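Next up: some structures, all given as structure tokens.
In what follows, chain A forms one complex with chain B and a second complex with chain C.
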Partner chain A sequence: MTQLALVIDLNVCVGCHACVTSCKEWNTSGSAGYLTDENPYEKDPTGTFFNRVQSFEIGEYPKTETVHFPKSCLHCEDPPCVPVCPTGASYKRLEDGIVLVDFDKCIGCRYCSWACPYGAREIDEQQKVMKKCTLCVDRLYDESLPESERKPACVLACPTSARLFGDVHDPESVVSVAIREEGGYALMPEWGTKPANHYLPRRKIRKPIHEDELQRADNPLNKEQRKPRAPVDEPTLDDSTSW
Partner chain B sequence: MKKVRYLELEGKSASFNFLAALFAGMAALGAWAFFHLEHSGHADTGMNNQIVWGLPHVFAIMLIVAASGALNLASIGTVFNKGLYKPLARISAWLSISLLMGGVIVLVLDLGNPFHIDYMFTSFNETSIFAWNILLYPGFFLFTGIYLWTMMDTSKRNYYKSAGTAAFIWRLILTSGTGLIFGLLVGRIGFNAAIMAPMFIVVSFSVGLAFFIITLMATYKWSNRPLGCVLLKRLKNLLVIFIAAAFYFAVIFHLTKYYSMASQDLESWLLFGDSVHTKLLWIGQVVIGTLIPLALLLIPRVGECNTAIFSAAVLVIIGTFCQFFVTIIGTQAFPQQVIGSDYQVIASKFGDADPYHVYSPSSWEVMLGLGGLGLTFLMVLYGFKIMRFLPESLADKDLDPHAKSA
Partner chain C sequence: MNPAFSVIFLTTLIGVGQGMFLAMYTGHAYSALNILPFETSASFYGVGSMIALVFLVGGLIASFFHLGRPERAWRSAARWRTSWLSREVIVLPLFMGLVGIYAILTYFSWWDLSVYQSASGSNLQLSLVIGVMATLASFALFICTGMIYACIKFLQEWASPLTVINYTLLGVASGFVLATTFSSYAAPELTQFYAVWAAIITFAAMLTRIASLYRNARIKFKSTIQTAIGIRHTKIKQKAMGFMAGSVNTRDFFHNQSQIFIKNMKWIFLTLVFPLPLILLWVGVTYSSSGILIFAFVVQYIGLIAERWFFFAQANHPQNLYYQTI
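Entry: the complex of A and B
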């Protein structure tokens, strides 16, 4: 079974929110829209976002660092939000593993929000139904788009290519390779929800350099005589031409 | 024991009209709040993405839990053959129906899309405990309604015991279902515990009895009907046992959650933090809802006083309200630790970087909750006026404390 998912590289995410804005732009005018904004230009704006970036501080001073953490629905392989939904409005597609909400069937009980251990559910304040990331399902199969653009809006927008998209069940897909080779991990595996989305960890790149590496082994000056330097008390070219 | 004679309330006194106007006013406020929120959306509530169930759910769940507990008095008479309680059965059944109606109305009106409630039946998801609960409510109305019918229609007396037993079993299932709404939440460290079902049943005993005592004492006082000390003393003793049992379950629940490393941070924050939830838990649930009522009921001479029993019942309801507030809202207010409890969100453009989520209920939510309470007691009041639910006398001389049910 295909299981589409995102892999987010926390090592290169710079917290620019391009994924947030592109997601909002696409989805508010797409089939999952609109995404309500309340008081967008006032003191306490609130709104519906399928993708949010939170910034975490890890470590203790002075060894601290900031991790920008994009958070959206993880499209769990065993999603706890689906069985709890009283009307079956939350469902998981068999063909590609995307977890979706049928707004017409949603009664707005918000019980799925209780069930999600990741806090990925969004209550739309105006429409009063639960919403969440759709992996831009309305882009993925849209043949009017060039094939290179049949990806989630956030993936296309990310300036550092921190977001990868593909089938995690295909071992040769870009996401599977990234997970396998770069230490991709799922959030809170102890819940047994098998999140499809994975994160690539922060990685410190340290290269040990030995002393002899600082010496140029084929330096021709080791064989030839070094260029003689003029005595310090003789006039330089500048001195001789300054008059 | 004398044959019990049931009489309607006359319902013409100034106090009756005042109460009817008061409860109708509360119900109207609830209706106003519903239409306002239906029009303007959840932005006018204190709820958000983190706290998705607010004050109306606290009211709703307390009323639903109290409903099944209020039926207890009838069950003691019918199922367990305690004749003293038999005259109370009609009041008990009607009060439980009214409480459930108030609770379910608030629950439904607090849904985002209450007009889609029919999908619960046409698109029933059998793996959802929430869906099963929606089936349990009409079942309770049905079983308790039939039970009430067999009590009042002498031609159906043969079915009285069976109907009472069925209603009793259904109420246990109903409250288990309410508890399991939280008990089956596998994704929340504060819940996912089998104890939620029996704990809700025991809490229903205490808060249901408290509602019953208040209703009984107020009705008999205002209608000038005799209410004997023997019955009140029995109710008082029952209330003591139920308060203690509910407290025992609460202690075990918090202790086991505190012991578990997975939920220790949450429990530490609830039990020893500086949030409003800690205050509500200790002052509301423990002191006001448990210790003071127990003291009022157990201190010799004080406990014999009707005012003390009535006050204790009121305090139990306040304490239970606080308990549900902490259970429902407190656990949502504690942030979900998505990438580990050692890390703290320092910044978020979405206003969700607080150490814990703050919930301030709006006046609309208060009105909606009070609307359910008003509807409940409006139903109780007019039920007593229209139907013969109230024994003419509950004086000691008219009751035999050792009688077995027929």
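Entry: the complex of A and C
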């Protein structure tokens, strides 16, 4: 069975919010209708977003690191928001594991947003229905798009390729390999929601170099001496064509 | 959580309605078993159940204010297999229907058929049978209402059997206090019976509510900022939530009140729901004063609104870990 998901590399994310704006742009102009923004240019603006980039400071000054943390719906394999829905508007697609809301069935009771520990669901204050990340389901299967663009808008927007997209149930997919080989982890594992989206941790690549490695001990030139050079007093053709 | 007044009124009003019906049926059953003198003005149980129905309808109306799309509310009965909210949506009208039938049968007692007559001549009335069904529906409704909150396991303040027990006992207590008030007008000989039950249940509710406060004061939260972002470090501080404007995440899940306000609310509800109504019941029954008994009910109901407000405000949603600072 397919389970589409994002893998977000915190080692690479620079916190530029390109995924946020790209997500908002695509989803506010998509087939499912706009994403409400209220008072966008006035006091107390507010709006509906599917994706946010948050920043955390790890450690204590001066030994700190800033981690930029993109957060969207994790498309849990056991989503706690789905069974609580009284109307069946919230559902998890069998064919690709995407958790969606049927806007025409949603009564806007907000119970699913209470039942999501990650705060991934936001009610649209004008349309009064619950909205959430769709993993750009309206791009993934759109054959009018070139195949390279059949990916979530956030993935296409990321300038550092911090967002990978694929099927986490296929062990050879790019996301599965990344999770397996780069230490991918899930958020709040304590609730057994089994999020499909994973995060790759910050990782330092350190190469220990010994002093004797700085000087090549078995350098043949030490024995064989340098190549003989042509006399340098006059320019030669060889000077300008070779090094 | 940010307490929503629609839900506060829904849960407290149907609690009163359920408790009031249970009080009426308790009186009816006692008299059927000849423990209490039979209430000859048979309309007592009928009128009392009608009052219960008024509270239930009030709660139902309040619930619609919580919905973004109330015109689609009928859809919410669909997922009764998985959703406690859906189950509540089914049980509430079912219970209201049974209370309505019970009210009609007891008010117009000549409609009340005898379904069984024993050799000794005692009758089993149809209203008693309907009453048993309504009683079961009433407790089912308490379970549904409580489980809506108790089943969300990461809202650790709610995820406890005490949530269901408190919803039940507080609802029944307020209903019995209302029944005491009502009987002081309609059937003064029953006032003491209802007052004693109201006091016992209020006292029991006090014990379980304090037990839940005790439990919640000692919760160790499973979710921390470390598990929320998956970084193993003892010192993590959020520096930006990614936006400066508000969102549903910053409005629905934060009560935005000071710790002192919360603490005061706790003491206000602890006073208004338990000791004050107990004293007023005692005074009201001793001096046979209906006015004081009405006051007892009003005080306890206001206290219950404070109690429900506190219940919501006290719950810490793990999503708040992601929204610590702008």
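General observations
Definition applied: the second predicted complex is superposed on the first by the 214 of 243 C-alpha atoms of A that agree within 3 Å, B and C clash if a C-alpha of one lies under 4 Å from a C-alpha of the other, contacts with A are read in each partner's own complex, and residues count from 1 in each chain.
One rule holds for everything that comes next: contacts are C-beta pairs under 8 Å (C-beta built on N, C-alpha and C of every residue); 3 or more make two chains touch, one makes a residue touch a chain.
Here the structure is a predicted model, which means the values were calculated and not measured.
In the three-chain model built by superposing on chain A, chain B clashes with chain C. Judged by the touch definition given at the top, the superposed model places A:160 against neither chain B nor chain C.
In the superposition on chain A, contact is made by A:36 with chain B only, not with chain C. In the superposed pair of complexes, A:117 makes contact with chain B and with chain C alike. By the touch criterion stated above, A:222 is placed in contact with neither chain B nor chain C.
Contact with chain C, but none with chain B, is seen for A:185 once the two complexes are overlaid on the shared chain. The superposed model places chain C right into chain B at 332-340; the other stretches listed in 8-16, 26-34 or 332-340 stay free of clashes.
Judged by the document's definition of touching, chain A residues 17, 20, 44-46, 49, 52-58, 66-67, 69, 71, 80, 83-89, 105-111, 113-119, 121-123, 125, 127-129, 187-188, 191 lie at the interface with chain B and also at the interface with chain C. Put simply, chain C touches chain A in their complex at residues 1, 66-70, 72-73, 75-79, 82-86, 89, 148, 151-155, 222-223, 225, 227-231, 233, 235-243, 245-249, 251-253, 317-320, 322-323. If you check the complex, the residues on chain A that touch chain C are 17, 20, 44-49, 52-60, 66-67, 69, 71, 80, 82-89, 105-111, 113-119, 121-123, 125, 127-129, 185-191, 199, 201-202.
Considering their complex, residues 41-43, 47-50, 52-53, 111-114, 116-117, 119-120, 123-125, 127-131, 134, 181, 184-188, 332, 335-336, 338-339, 342-353 of chain B touch chain A. By the touch rule above, chain A contacts chain B in their complex via residues 17, 20, 36, 38, 44-46, 49, 52-58, 66-67, 69, 71, 80, 83-89, 104-111, 113-119, 121-123, 125-130, 187-188, 191, 193.
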